[in-house]
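Got some structures for you, see below.
Here subunit A shows up in two complexes: once beside subunit B, once beside subunit C.
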Partner chain A sequence: MSAKIRTRMGDGELVAMSPSEIREDIAVGTRDAAGKAGIPELTDEEQERLYEIIADPSRIVSVAPGDEVIVTDDGVPGSLYCGQDDSGAGIPMSRGQATLTYERACAADTVSLGHSDYSFKPVKNVISEETNAYYNISMGTTAPFIYGAQPNLGSYYQPDGPVRNPADLLLGGDVKAAQEAQEEAAEKMRQDILFCGRKLNDVGCEGLNLDTSASGGDADFMGTLQVVSELKEEAPGMPVIVGASGEFVLGMHGEVTFNDKQLAGMYPHDQVKVAEEAGVSIYGVAIGTSTNESLAWNVARSVTFTKAAVSAANIPIHVNVGMGVGGVPMCEVPPVDALTRATKSLVELGKADGL
Partner chain B sequence: MGGIRTTGDLVAWMQLARKMKIAEAKQYVADKLGIEVSTLTDEEEMRRLREELGIGTIISVSGSPKGILAKIRISELLGIPINSVELFKSQLS
Partner chain C sequence: MTQTTFEEAARSILSGDADAAAAIAKQGLEQGIDPLRLINEGFIPGINEVGDQFGAGRLFIPQLMLSARAMEQATEIINAAFPQQEGIAQGKIVIATVEGDVHDIGKTIVATLFKANGFEVIDLGRDVPTARIIEAAETNNVDIIGTSTLLTTTMTVQKDLEEALKEAGLRDKYKTIVGGAPVTKRWADRIGADAYANDALDGVRVAKELLKGR
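Moving on, here comes the complex of A and B:
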């Protein structure tokens, strides 16, 4: 009888699995990703190496010296002072103190600033406060200092926003009106991001992060790509990072395109190509974690998507590895054993350029 | 990679500014620093080298460059424009 291996489920639950169960989940996980996206499965050797990483008896695992990668962040300094809603530590400190603490106490590769209501729509209303904060803090930071917010198309729909809610229109069977509503919202979103991007560029912004793009579906992704193109024309000195919200661009609209490419249904290896065309500097792939499946299944799936995206990309790929993405369990405090196994696998086997 | 503790900030600058993949970015930074890629994450070596170059250190050395002054030197060292540095220079002149 094989010894059981201490591992996790996708919701963080500690479980014991046999070697054969883990190997089987790796095989099924990579097959799932490959089948969905039409990309290669992990090879037998890669699957066996992934098994070794998952089954490693150490509490924490890591890559070999020399194989380290960059970690970009999306509002981590804010997590020092914000509360549970943002997985924050709730420490009473200023945004500037938090940013420098992250840089100099946590040795972060990049640091960032973001509004507590982390979307461009609310940021527009307080852009002067944001640009003042950015400028002041940027005088003290040494690592790349990135301003981040979400495009968040959903915030433009009623009752939160001005545009008719396409979900309501679809319920009534009015597909055309639902599509038009999404296009109207995408245009408002594009204008807001452009406004904020210009203002931030004026104060020397070292990098703009359009985080969790396409959360509202393909029209969200279209508006994001359009505004990146515009910003790269107007502000070529301000690098733009785009992070995804999931491995699959939902076809909420179904027919919108970017450079004549249909966006609905795109998987990471296609997403990164349109991101490149738009002028994105770093693309963050996001692969959802299934809470019902094991760590082995989730990591195998994430590595498979990542490997294909990195292979297709000419720009750096940073994999989202927060709670619930990139094979990391979906729980408030991701266990470090699972987190490090996911990140090691994504770098060693997925060939990620960063996290 | 360790941020300003080692060279994580420098490699990140190259990914942002030149869209370099990780291996290319590391090699570029190593070449600019005149060190091996394997030294990029050596805290002991980089602590000394960063102070020599005035590009910011994880330990706060009194009077040693940090913040915008360190970024001016990083911009020159890596041969890349940094938006905040360009703005700062334009305001100086």
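Moving on, here comes the complex of A and C:
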């Protein structure tokens, strides 16, 4: 009887699986991704290497020295000063202190600033405070300093915004009105991001992060790509990072396009191509973690999508590896054993340029 | 002839053509096809295919909604052909995204597929307090309470619902189904929910299973 291997489920629960169970989950996970996106499965050799990484008896694993990649953060300074309800440490410090602490004490590759509401719609109202904070803090930072917020198309729909809610319209059977509402909201979103992007560029923004794009579906992605094109025209020196919100673009509208390409249903290897056309500097692939499947299944799936996206891309791919994405379990504090196995696999086998 | 009608029925659902679905339902009944066979072998395979294509990202929400409406039209006509009290109504469910969570795309899809499969659905929307869910269940005399959550921070509200039902002496009156991205079968077992659903189609299957032998 072969020994059981200590591993995790997608919700972080510890489980013991046999080598054959892990190998089977890797095979099924890569097949699932390949079948959905129409991309190649991991080779037998890659699947066996992935098995070795998952089954490694060490608590944490890492890539070989020299193979490390850049890590962009997801609001780490905010995690220092915000409260426990927002998974923060609640330390009494300013945004500037938190940013510099993260950069200098934690040896960060990049640092970031974001409004606590983290969507461009509310940021627009306080943009002068945000640009001033960004400028003052940037005087002390050395690492690339990125300003981030979400396009968040949903914030433009009633009851949170002015546009009729397409979910209500769809339930009423009015598809045309639902599509028009999404187009109207996408235009408002585009204008807000453009406004904020221009103001941030004026204070020397070193990078603008449009985080969790397409969370409101294909119209959200369309508005994001449109505004990136405009910003790249107006401010070619300001890099723009676009992060995805899932492995495929949800077809809430179903018919919107960018450069004549239908966005609904796009998987990462196609997403990155339209991102490139828009002028995106770095694309953040996001692959959802299934809480019902094992770490092996989830990581195999994430690596398969990532490898195809990296292979298709001419720009750097930084894979999202936070809670519930990139094979990382969906729990408040992702276990380090699972996290490091996911990141090592994404870099070593998926060839990710960054995390 | 019967097989052709079944295929046309499935196609009408796949194309989201409510008029065609209604016409085929009437035509099938006029041909003397058993209403139960007409729904089970004609229209349900169509809506199942819609669910599969949606899950694979090959069909999008507007088409899903149109297909669901076509299914509702066909179901209504076939239901009327059953003798009184013997319709294909599957049961009544109250559904909501729990308090503190404003994500409702997934929940709306679930509600749509439940309706398409003959359930009567009371959709309370998003960010719904537990007390309101229970009140709606009582007022509408439902069979099932379904809750959705996308956040790890609001999962616990599903547990609160179980506790509130127990405290009110109502726990055995309803079947409870939990779903949402961070939710698992293990979570459902841990909090004492009757069932876990992985996605919308699974939810319909689980609900039918729960209501068997009522």
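Note that in this section the second predicted complex is superposed on the first by the 352 of 355 C-alpha atoms of A that agree within 3 Å, B and C clash if a C-alpha of one lies under 4 Å from a C-alpha of the other, contacts with A are read in each partner's own complex, and residues count from 1 in each chain.
Here, a contact is a pair of C-beta atoms (placed from the backbone, for glycine too) under 8 Å apart; a residue touches a chain by one contact, two chains touch by 3 or more.
It should be emphasised that the depicted structure is a prediction, and the values quoted were computed from it without experimental measurement.
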Superposed on subunit A, are subunit B and subunit C clashing or fitting side by side? fit
Where does A:Gly251 make contact in the superposed view: on subunit B (first), on subunit C (second), on both, or on neither? second
After lining up the shared chain so the two structures overlap, which partner does A:Gly88 touch, if you call subunit B first and subunit C second: first, second, both or neither? neither
In the superposed arrangement, which partner chain does A:Gly322 touch: subunit B (first), subunit C (second), both, or neither? neither
Between subunit B (first) and subunit C (second), which, if any, makes contact with A:Val69: first, second, both or neither? first
In the superposed arrangement, does A:Cys331 touch subunit B (first), subunit C (second), both or neither? second
Could you say whether A:Gly161 touches subunit B, subunit C, both of them, or neither, answering first, second, both or neither? neither
Kindly classify A:Ala108 by the partners it touches after superposition: subunit B alone (first), subunit C alone (second), both, or neither? first
Between subunit B and subunit C, what is the shortest CA distance in the superposition, whole Å? 29
Which positions of subunit A sit in both the subunit B and the subunit C interface? none
Would you tell me which residues of subunit C are touching subunit A in their complex? 56-63, 65-66, 69, 104-105, 108, 111-112, 123, 152-153, 181-187, 198
Show which residues of subunit A lie in contact with subunit C when the two form their complex. 9-11, 13, 36, 85, 167, 170-171, 173, 175, 178-179, 217-218, 248, 250-255, 264-265, 267, 288, 291-292, 323-324, 330-332
Write out the stretch or stretches of subunit A touching subunit B in their complex. 65-66, 68-72, 103-104, 106-110, 138-145, 201, 203-207, 237-239, 241, 281-282, 313-316, 352-354
Complex contact set, residues of subunit B against subunit A: 1-6, 8-9, 11-13, 15-17, 19-22, 25, 37-38, 41, 55-56, 58, 60, 66-68, 70-71, 74, 81-88
